[in-house]
Amino acid sequence: MATAQIMSLREAVAAYVKDGDSIAMEGFTHLIPFAAGHEIIRQKRRRLTIIRMTPDLIYDQLIGMGCADKLVFSWGGNPGVGSLYRLRDAVENGWPHALQIEEHSHAAMANAYEAGAAGLPFAVFRGYVGTDLPKVNSNIKPLKCPFTGEELAAVPSLRPDVAIIHAQKADRAGNVLIEGIVGVQKEAVLAARRAIVTVEEVVESLQGVSPNACILPNWTVSAVAEVPGGAHPSYAHGYYQRDNAFYKAWDEIARERDSFTAWMDDNVMRSGPEAFAARGKAQGKRKAG
Amino acid sequence: MATAQIMSLREAVAAYVKDGDSIAMEGFTHLIPFAAGHEIIRQKRRRLTIIRMTPDLIYDQLIGMGCADKLVFSWGGNPGVGSLYRLRDAVENGWPHALQIEEHSHAAMANAYEAGAAGLPFAVFRGYVGTDLPKVNSNIKPLKCPFTGEELAAVPSLRPDVAIIHAQKADRAGNVLIEGIVGVQKEAVLAARRAIVTVEEVVESLQGVSPNACILPNWTVSAVAEVPGGAHPSYAHGYYQRDNAFYKAWDEIARERDSFTAWMDDNVMRSGPEAFAARGKAQGKRKAG
Amino acid sequence: MDYTASEMMTISAARALKNDDVCFVGIGQPSAAANLARLTHAPGVTLIYESGTIGTKPDVLPLSIGDGELAETAVTVVPVPEMFRYWLQGGRISVGFLGAAQLDKFGNINTTVIGPYDKPKVRLPGGGGAPEIASSCGEVFLIMAQSKRGLVDRIDFCTSLGHGPGAGTREKLGLTTKGPSLLVTDLCIMKPDPVTKEFTVVSIHPGVSRDKITGNTGWPVRFAAHVEETPPPTKGELEALRALHERTARAHGGNA
Amino acid sequence: MDYTASEMMTISAARALKNDDVCFVGIGQPSAAANLARLTHAPGVTLIYESGTIGTKPDVLPLSIGDGELAETAVTVVPVPEMFRYWLQGGRISVGFLGAAQLDKFGNINTTVIGPYDKPKVRLPGGGGAPEIASSCGEVFLIMAQSKRGLVDRIDFCTSLGHGPGAGTREKLGLTTKGPSLLVTDLCIMKPDPVTKEFTVVSIHPGVSRDKITGNTGWPVRFAAHVEETPPPTKGELEALRALHERTARAHGGNA
């Protein structure tokens, strides 16, 4: 098996993300790979199918910048704040262009990633009971238990072309450590054909962590890129806090097309992965209060 | 939800293990709950259905002492040594009485525990392809993927009446920590109606372990009993080594009915959970060599 | 002590949680109520967020369901697939605590779209964890400010099942869980009628008139034979809630 | 240097593993061969045991598949359900390394019973991980001492699939993995005939006659057109293997 190469984020996105790919950028509130999202926007990838349980600001930005043709998701809001206006503008008004959506529940997507990692063609779970979602999503089918006859729900497994995640640490060999809220990142990486991991730091060795720490061995990852602060305004447990004030500020920034475009121009198009280090530092390790 | 009570192993087995129960005593080579097995033998439970991926010496003892009517398993040997002679004597000669068996592969049982923990009636996986096991086990059925048409295997989930495991630590509130080879213990406990956990030690608090440490919250467990050395001749990572010499010696002890009965009489029937502390200590933390 | 209608809502919702409950907590109002319960009469309550945090005891309210406070104060943190498989679907949660954008009288929830699905007037965030919280938790508590826009006669889309078109629906679908058993608003408390399962007013917050409730409900709302007055917030409840909000506002660098 | 037939077997099996292989290791002979490969020509090989240990580098051979050494020296240790779902079934293993009690010429394995299933003459341990190792790994290497009792014309029970009744079987069953691609014994090396998939002798260990191989095989064994002589163990290979066995014997307090 091939082993992770340590390279720059620019090189990793250039090598492993192609126009038309299906991409899962995961991180459940914690460790959202914003720096990688910005790099994809800067490298102007197009016609992507973007997969994520909670699209969050990172997919609001990809959608608003015209990178995506399709969104697979289960909860598309700004958590605790309100709407994702770029997502809404695409769905409600087709700006900057029409966006196809495939909508699930969290349970369905979590199970679909799990099934993808497990090499199965589908996932089965007790879900969607009595809801309208199966009426608008043909990828939800009933499945009978062959022993009890109970009717359960089935969804196809998720097998993205590329998974991109952010993690705390990698060692020099490219083994990756994730701690805290681990979300579905491990499943997304194992379900995908290729995987890019940005990390807060590359360290000599991962010795000293729990024998059961969530580690992705280097032969499960294509590329590791060191991007300190790369999850900002999301956070990295042990490194910096979630920038809740920015999440609130985004409501204003993204509400109108002009203010959105101006912000993206200033902070993404005319910037680079290096800029994230300062953003992470500004958040500090502890709460201000 | 009810919360784990800390009590003696005698009380826990008396309260939570009934004649006729289905019992899963798990621990994959590591952390096998031998002290609890001996207590069940001493308390003379009968007509049990005993479930375990690798029956190991612990089930050889339960079977030889006449506690079990049925065995559900996937690999029944003395690892690296040879046969489990009491299991073989029951299957081949019906001694001390006939033993019904339901036989699976490891993948099937691991998936069946996982499905039990997940509250599903069955598990689906890519298994048993081209083998004779489905011919002798009616609990293995084919299941078609509703999206691709691929034929997979289904088995009923495991939902034991009682799960019994051994763990390194519990805190005073009854939260349980498992580290190292974690096997299927978490799944067995979550799949079962009741659960008993023996631990090396009860500590003030579990603070300081990884945020993602394998912990069973106290409301998922019925009883916690402190039994130092309680996994011997299996082992407890961080406490004592596997007693490989005893595993080899068992081959001789269990080969004949008389030597088996004599050993059980001396070391189980006329002993108690207290005896395990010395057995664990004798193994020490480090290898002799 | 003076208090707002929103404080009354959070406090009376908090009172419904018991010390031995295991509660799957939705973000926003449910999170405030669940943590208030933990900080007052139910210190032993187990709070679970869908991010994977089990037995969490945050000092401030999280803005999202995955803030750092939740992981730092949890008994353990599990992967998200495990959360939905072993903990939610596994039937280990006694109470699901949810908010809603649109709700009908049988507690069916819409958080997907206003208007037609394919051409929505407003695209809402979607289901998230709610569809399976609604079916897998022992019972479901709902909390939302009362208005004709929120409590509607017909929801545009059924994101999460309540009692469907009425009594017996859940059983017919094979569910053994209770579904919505409580709705707390800023005006009153409703519970499902034991026979019809229609949400019925059982307790009115101090100073609120029946007309005000009727005027803010999108269906012809019924009142139970015996309607109580909700006990006003105690000094302890109010102080605990305000301190929580204050700590939260400080931590988030803005209003919470 | 002098060496035993068993050493020759372990060493020639070890040679088949490559530095970039990910190997699911069975206990006993496969474990000795896989670790010898790691200690000699393939230091980068990733060894996985079904107990959940990934990338383990034990200093001594484990007696079981879950000895403490395996966890202490692993890159990470995962739960057993995850091992079988994400790692084995997920298609991440290039080589499954197995032993067998009974084997037929198409590499089908019996580790269940000698005699009828319901009234066995000998009850063997059973399948364990092997049925799915045989179907999910990229290819399967087999290692066992050669005898008429072991290499039989018909196995009593098919615990783990090789090539079934012959070429094309695996494809018909929907498998995309190669199945058994190598059998190493104490006498020779066999590989499946490219057309028929029947195990055929391709290399004979030094000093072993064709008659000895024929006399210890339960089917009329075929020899490839070009049969090589297995290179004898090098000094380095022998020393590494003996040191490994010596460390193991000391650690287990007896013979290993």
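Here the chain labels run A, B, C and D in written order, and each chain numbers its own residues starting at 1.
The definition used in the following text is that a contact is a pair of C-beta atoms (placed from the backbone, for glycine too) under 8 Å apart; a residue touches a chain by one contact, two chains touch by 3 or more.
The shown structure was predicted, so the numbers you read here are calculated from the model rather than taken from an experiment.
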| item | value |
| --- | --- |
| Set of chains adjacent to chain A and to chain B | C, D |
| Centroid spacing, where centroids are CA-atom means, of chain B and chain C in whole angstrom | 40 |
| CA centroid of chain C to CA centroid of chain D, Å | 57 |
| Whole-Å gap between the CA centroids of chain B and chain D | 28 |
| Chain A: positions in contact with at least two other chains | 114, 118-120, 125-126, 150, 180, 182, 186-187, 211-214, 237 |
| For chain D, residues that touch 2 or more chains besides their own | 71-72, 77-78, 85, 89, 136 |
| Touching chain combinations (by label order) | A-B, A-C, A-D, B-C, B-D |
| For the chain D and chain B complex, residues of the former touching the latter | 27-28, 50-53, 60, 62-68, 70-72, 77-81, 83-85, 88-89, 112, 117-118, 120-132, 135-136, 157-161, 164, 169-170, 173-175, 247, 250-254 |
| Residues of chain C defined as touching chain B within the complex | 20-22, 46, 54-55, 71-72, 74-78, 85-86, 89-92, 94, 136 |
| Residue ranges of chain B in contact with chain C within the complex | 1-3, 114, 117-120, 175, 186-187, 190, 211-215, 217, 219-220 |
| Chain A - residues contacting chain C, complex | 28-30, 53-54, 73-77, 79-81, 83-84, 87-88, 91-92, 103-107, 110-111, 113-114, 125-133, 136, 150-151, 180-184, 186-187, 214, 235, 237, 241-242, 244-245, 247-248, 287-289 |
| Chain B residues touching chain A - in the complex, by the definition given at the top | 118-122, 124-126, 139, 141-143, 145-148, 150, 152, 154, 156, 179-180, 182, 209-214, 237 |
